[in-house]
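Two complexes are shown next, each including subunit A; its partner changes from subunit B in the first to subunit C in the second.
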Partner chain A sequence: MENYQLSGKEATALMINLLCSKLFLLAPGYFIDNAGSGALLTVIFVYAVAFAFFGIYSSKTKRDILSLIPSNFFKGLFGALSVLLLVFSGAGTFSQLVHYIKIMAMPKSPIAFLVIPFAAAMVLCAYAGLKSVGKVHGFFVPILFSVLLVLVLLSVQSFEFTNLFPIFGKGFRAVFGEGFFLLSSLFELLVLLYLPSLTSASFRKIGFSALSVSLFFFVLLIGAYLLIDGKTQNLPIFSVIRASALSRTDSLFLLLYALSGMLYLSAVLYFCAYIFGKTFGLATFKPLILPFALILISFSEITFLNPEEQIFLRYTSYFLWILPFLIPLIITWIKPKNKKFGRNGKRDEA
Partner chain B sequence: MKTTNLLKKIFLFSPNDGQNTYTFNTHTAPEKISIPDPNQKISTQYEENLKLVSEVYSLPENSDIKIREFLIGQHTRAFLLFVEGLVKDDSVNTNILGPLMLLPQSSSTYQALHDTLLLNSQISDTTSFRTVFDDVNMGNCVLFTDGLDTAFSIDVKGWERRGLDAPVTEQVIYGPHEGFNENFKVNTALIRKNIRNENLVCETICLGKESKTPCALLYIKNITNPDLIQEIKHRLDHIDADYIYEAGELEQFIEDSSFALSPQFLTTERPDTTASALIEGKIALILHGSPFALIAPVSFSDFLTTPEDKYVRFPFANLMKLIRLIGIVSSFLLSGLYIAIVNFHHEMIPADLLFAIEATREAVPFTALMELLLMEVSFDIIREASLRVPSPIGSTVGIIGGLIIGQAAVSANLVSPIAIIIVALTGIGSFATPNYALNFTFRFTRYLYIFLGAIWGFLGIAAGIFMHAAVLSMLNSLGVSLFTALANDNRDTVLSYLFQKPIWKRELRHSYVNAQKTKLQAKISRKWVEK
Partner chain C sequence: MMKKFIFPLLLCLLLCSCYDATEVDDLAYVVALGIDKGEEKKMKVTFQYAVPLNISGGVDSKGGESAPLFSATFETDAIHLATDIANDKMAKITDLSHLKLIVFSEEIAKDGITEFRRDLKEDFEIRPDTSLAVCQGSALECLEAVSSPLELNPSRFYEDFFANTASVYSFSQDISDFLNGKTEFPMPYLIYEDALEAYGMAIMKNDRLQALYFPQDTVIYNILRNTFTNLKFETKQGVFRLDSRLPPSIKIETLDKPKITFFLSLTGEAVAGEETLFSDSKKAEQILTQTLQKRILNFLYKTQKTDCDILDLYKHARKNFFTEQGFINYNWNEKYKDAEFFVQISFQNTRVQ
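The block that comes next holds the complex of A and B.
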């Protein structure tokens, strides 16, 4: 395992991009599709749940989630499930990323050809280690999201504020009932639960900062998409930027979009290998990066078969949230009862 | 002679017919020449010392090694050993030979020689031949006396050297116009001239088993972190090489990553830059024979900074830095972006301009990629050629390059004018890179970006930028990340590294140096503002 410890800012940037990169993809479409003009309320509701979860979780422990699980069997099960779902989630995002690039800028290029730069970038960065993953996030995330903010602000001229009403959109049930399952959009919060052993900074501060910033961008981008009367699920943020005052900059969005995707994929790949290594007590996990990359690419190829349907996300959103939200709460609830004192008789710090 | 033999002699002529032709044998191991062990103690016997010195230095074949035999006080035999050309003849004659030979009552005891007869400020004594040979090779003169098992090493160095010139690679308008030369003693003296502080330590370490090149390790003992000093000493002490001659070679021996595309030590030929780095808490290495100092640890922003940035007022310094950054980014990215736009993203170009570009490219038989590569390679050849040719011809090469390659290539429809503009902007941008070593990095990566842009458009450029950043962020300079400024949890921010604060705001040393003293100046350094 590596000696490098992420700084608080690096860890926060990493989490912000993991949570927000889906905004470039289908997430705004899902929220609007679910609740109509009530999408903003759904976002706020989902984030309120996420904040509440994280508030409870971080008040009970400051440790890595795996170190809280008492039994090796359950530890293995939770780790394996985390890796599996991260791979699927990463592959789904990978598939969408490449598919949109094809639509946006390179319609004549075959998908497999567009996969190469993403694959090379994620493998190189993940292989370079946690320091690289942290530093590139620390470098690119502020730039990416600042530029995005500017581009969105420049599209104000196309905003139609009546699109925000009715505020409850498709109704109370859609916003808060079915909207609850959109908590799965924040599935990558799972990575945050593994961060305490990788950073010396305050875990609680990282989590709240990342959630706050990502909430801001979720509200901003879904709001902007609503305001320009976004109807389709495809290329939501691209649609916002096309409406901006900066003409001919559509292609520049490709840079932001691809960079955000590469950041996301490199982090997912790194954490797949890291979690696997940590779960099964491996001395080193770097040799796993290439196999995991191949699995990720292969799975993304499967979802290419039906990119419009997005089978994985559509059908897993009902239970995907259980792993990062419900199970950790249960673990922290059970743990103090069963393991009040450690083996050496000292009180558990959590 | 038979006719056939005569014809053979004429038409099958070969010089010497294979006789007296020397072929160097590279297959069998050469015969080893035995050399006397130089790690012996000096003898009290005059003849023994003389014999050993003569054998070690291959006398009389070795013509520049001089042994001057004489009598001290007209009664005791002695000889001086020195290298012709490395010593000051006047000093040898006046301060050493004069008093010893001319005073008839001169005593040859150790005390007499050391205290009264050798008129030189720097004298050391030794009982080891190893030290004797090291000192003689460095330009000292060594005195052996009959009956004494101690030799005196007298510092009379006086070799020829280049005078102090303006730095070639780091010229400035404001600031000192004084650069290092190849003599490390002169260079260390230049730094001492800048830092008049008794805490400045200049340790000399000999590098290279055969070359024994002196290397000065400089640091300020009450500022620099002792761990850094220990680490650099560890690296220097563990170089097992016969020969190190230049700072560039030393850098490659002690850098963290040899395969990296970025330098990890800052090279400078300016004493003021070196002094400023030492004050900051960094260490500097000066190798004898090299006009460059190596500074570590550094962050990536140090490579983007010129000495002038500190000397001009901060708004102008920041404007210059911003323009320089644009130039640097365009030096490695512009060509790639151009090819990406031309090949994939036409919509970014206004229609009129697009038609104009297409019209100029219509007659060009090459693809945009070939056209750009042709120009980039030509530009690099011109640059390389103008560096190697004597300076009076250098400008001619530039003119020929500019006129022939540029104008004529366009007239011959080999390249389009837009490609010339792009390559020219890229070239000018690369000259804005303050660090020569970093310039190589960007020259190299520019070709990678061209290929990535040509193959995948902006997607390729994004992948290139991402991978470039990932690779750079792996690198360390003496254990400190080159991207240390990025997203760290300490007081420094990226902006504080990239841009200059007003002089009164530069209160603290950079945190990555982790110096013993964090404060560089008082919170209120301009005390006069307080009334």
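The block that comes next holds the complex of A and C.
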């Protein structure tokens, strides 16, 4: 299906952006809404679970998740669910991306003026293949997050450390109980489970590096939003950057936001087509990219009317984590019992 | 074949943003906004525009110097409606992205400013560092009294006026707290006769003007917030120059009657007054710490009497609780009324004997 193998840097950058892109949108708001000033503890707790999951998973297998599923029926079901949820997640991001860019930068333009270029760029990048997706991520993600780091640090003068208290915010149940379901915010970790057959680097190393860097940015950005006592649910990081010591740096936010969203969408679109092709044993999956893009854009229209509501994540957060976290663990647990699988550690090639 | 299409396609994509491009020449930049009570409608909105041609020292047709500011007032029911009317009448697009000050008249502040929160929050152009103030009398007259002979750039003038730490009689209250839903906060109180002057503090409670404090209170407020440099502090015996050695720290014991202790670490020296201030450094230190302590305590009990936690002491009290519910159960607002204040000052005299 794909001859190109992602380097370790490219694969890590891809995963970092997939995990962190939502920080530009509504993720900080979800964490703070859920736990109040205890949001940082929720982040750490959620990541502890993610690290533990990945530690167990990667110690048991180095293979693509699909190759571990014994029955074709379950393989099809898992693949189809992965694609469906990725399409919904991409559609939500797409809808928010164009909506907020319109509000911030192009209030008088018809929304189609934003939808068309973004859709075209997303399709072109995904159609150019894994090499394009990997190289673009490998080049832009380090720049993007370095600039973001500098911009956030420029806001330090507006930080009030008393805003981090009470340390458990809305209570232990909110932080660790309901907070557990925010594991769904790391739903894109699902893509990592498909990476072993697409990269020549160590799968375990990629996973741990991406999780560590994204944990850093989750703590930094959600912490910064708490520290400036941000209340607005829309574009929280925009509020952080607007509190910067240097005025007008927020114009850079638009660029970072658009870039991160664009990279996220191109990766999601590519993996939708790739996973679909791999699940159903297609010889080539590139012709699927355009139809998937059309489906993704059409779905984005559903949430278009009210992107602030983020209906998708709100109603799916209670079970969205099951697919990337619980099911893979069950699969790796039942795998040794099945003699057909796990006999060698070779990467699976479709 | 493909290459023939790439260039037009790229042009189409890249030129999308030209659709709502606005020329700088078409914009009229508002640097200050005044809100007065309306006669027929809800409010009178005064836009004070910067006149770019005159900022660089322009000369009018009669040969005299032209003012860098120009004001226009519109009576409406909402600020957004005022911008629409202004766009019609001025033949330019009113732009709030360079807004530096929003001033409410005392009458409006007494009636409450809650309704303006929604109006201002909707406007992405307004920046979070825009200052808020209350003025004596009319906001229109207050803005018209503005003259800045030493600073032609009006935007810069407003920035310096509020954010200048060398001036202890003024302070800056950013709009961000107000937009974030804070209803208890102080704003600079402006008066105008010959020129604009910050004269004390307007204390807001539940978005309404609750009390007016004197300029001396602003000095103490700036000391407690650590927003001062090279402060000249007057005592009966003489004048001290003060600087902050460490940021003030606050410790709150959340007992039945909260005990609130301020720890100040200052450095400085006597610069004028009785001879003992210069000859006996211990005596000088004693005079300063006692006077400052007394004034700070007076200020703190005054804020308590006004029932306004303008120093956000509740944020420090929250540190003593594990959960928000625990803090809510403690009922800070009620307990604050009975709080006891303590001030500890450590002063390092920099005068070489």
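Just so we're on the same page, the second predicted complex is superposed on the first by the 339 of 350 C-alpha atoms of A that agree within 3 Å, B and C clash if a C-alpha of one lies under 4 Å from a C-alpha of the other, contacts with A are read in each partner's own complex, and residues count from 1 in each chain.
We take it that a contact is a pair of C-beta atoms (placed from the backbone, for glycine too) under 8 Å apart; a residue touches a chain by one contact, two chains touch by 3 or more.
Keep in mind it's a predicted model, so treat the numbers as computed, not measured.
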First (subunit B), second (subunit C), both or neither touched by A:Leu227: neither
First (subunit B), second (subunit C), both or neither touched by A:Ile16: neither
Contacts of A:Gly169 with subunit B and subunit C, given as first, second, both or neither: second
Touched partner set for A:Gly36, first subunit B, second subunit C, both or neither: second
Which superposed partner A:Pro107 touches (first subunit B, second subunit C, both, neither): second
Touching partner for A:Ile327 - first (subunit B), second (subunit C), both, neither: neither
Touched partner set for A:Pro117, first subunit B, second subunit C, both or neither: both
Shared subunit A contacts, counted only where both subunit B and subunit C touch the same residue: 105-106, 113-114, 116-117, 120-121
Touching residues on subunit C, where the partner in the complex is subunit A: 9, 13, 16-17, 19-20, 121, 124, 127-129, 176-177, 179-181, 312, 315-316, 318-319, 321-327
Residues of subunit B touching subunit A in the complex: 341, 344-345, 347-350, 452, 456-463, 465-467, 469-471, 473-474, 481, 483, 486-489
Residue ranges of subunit A touching subunit C (in the complex, touch as defined): 36-38, 103-110, 113-114, 116-117, 120-121, 160, 162-163, 165-172, 228-232, 239, 242-243, 247
Touch list for subunit A against partner subunit B, complex: 7-10, 13, 101, 105-106, 113-114, 116-118, 120-121, 124-125, 128-129, 131-132, 134-140, 201, 248-252, 254-255, 258-259, 262-263, 266
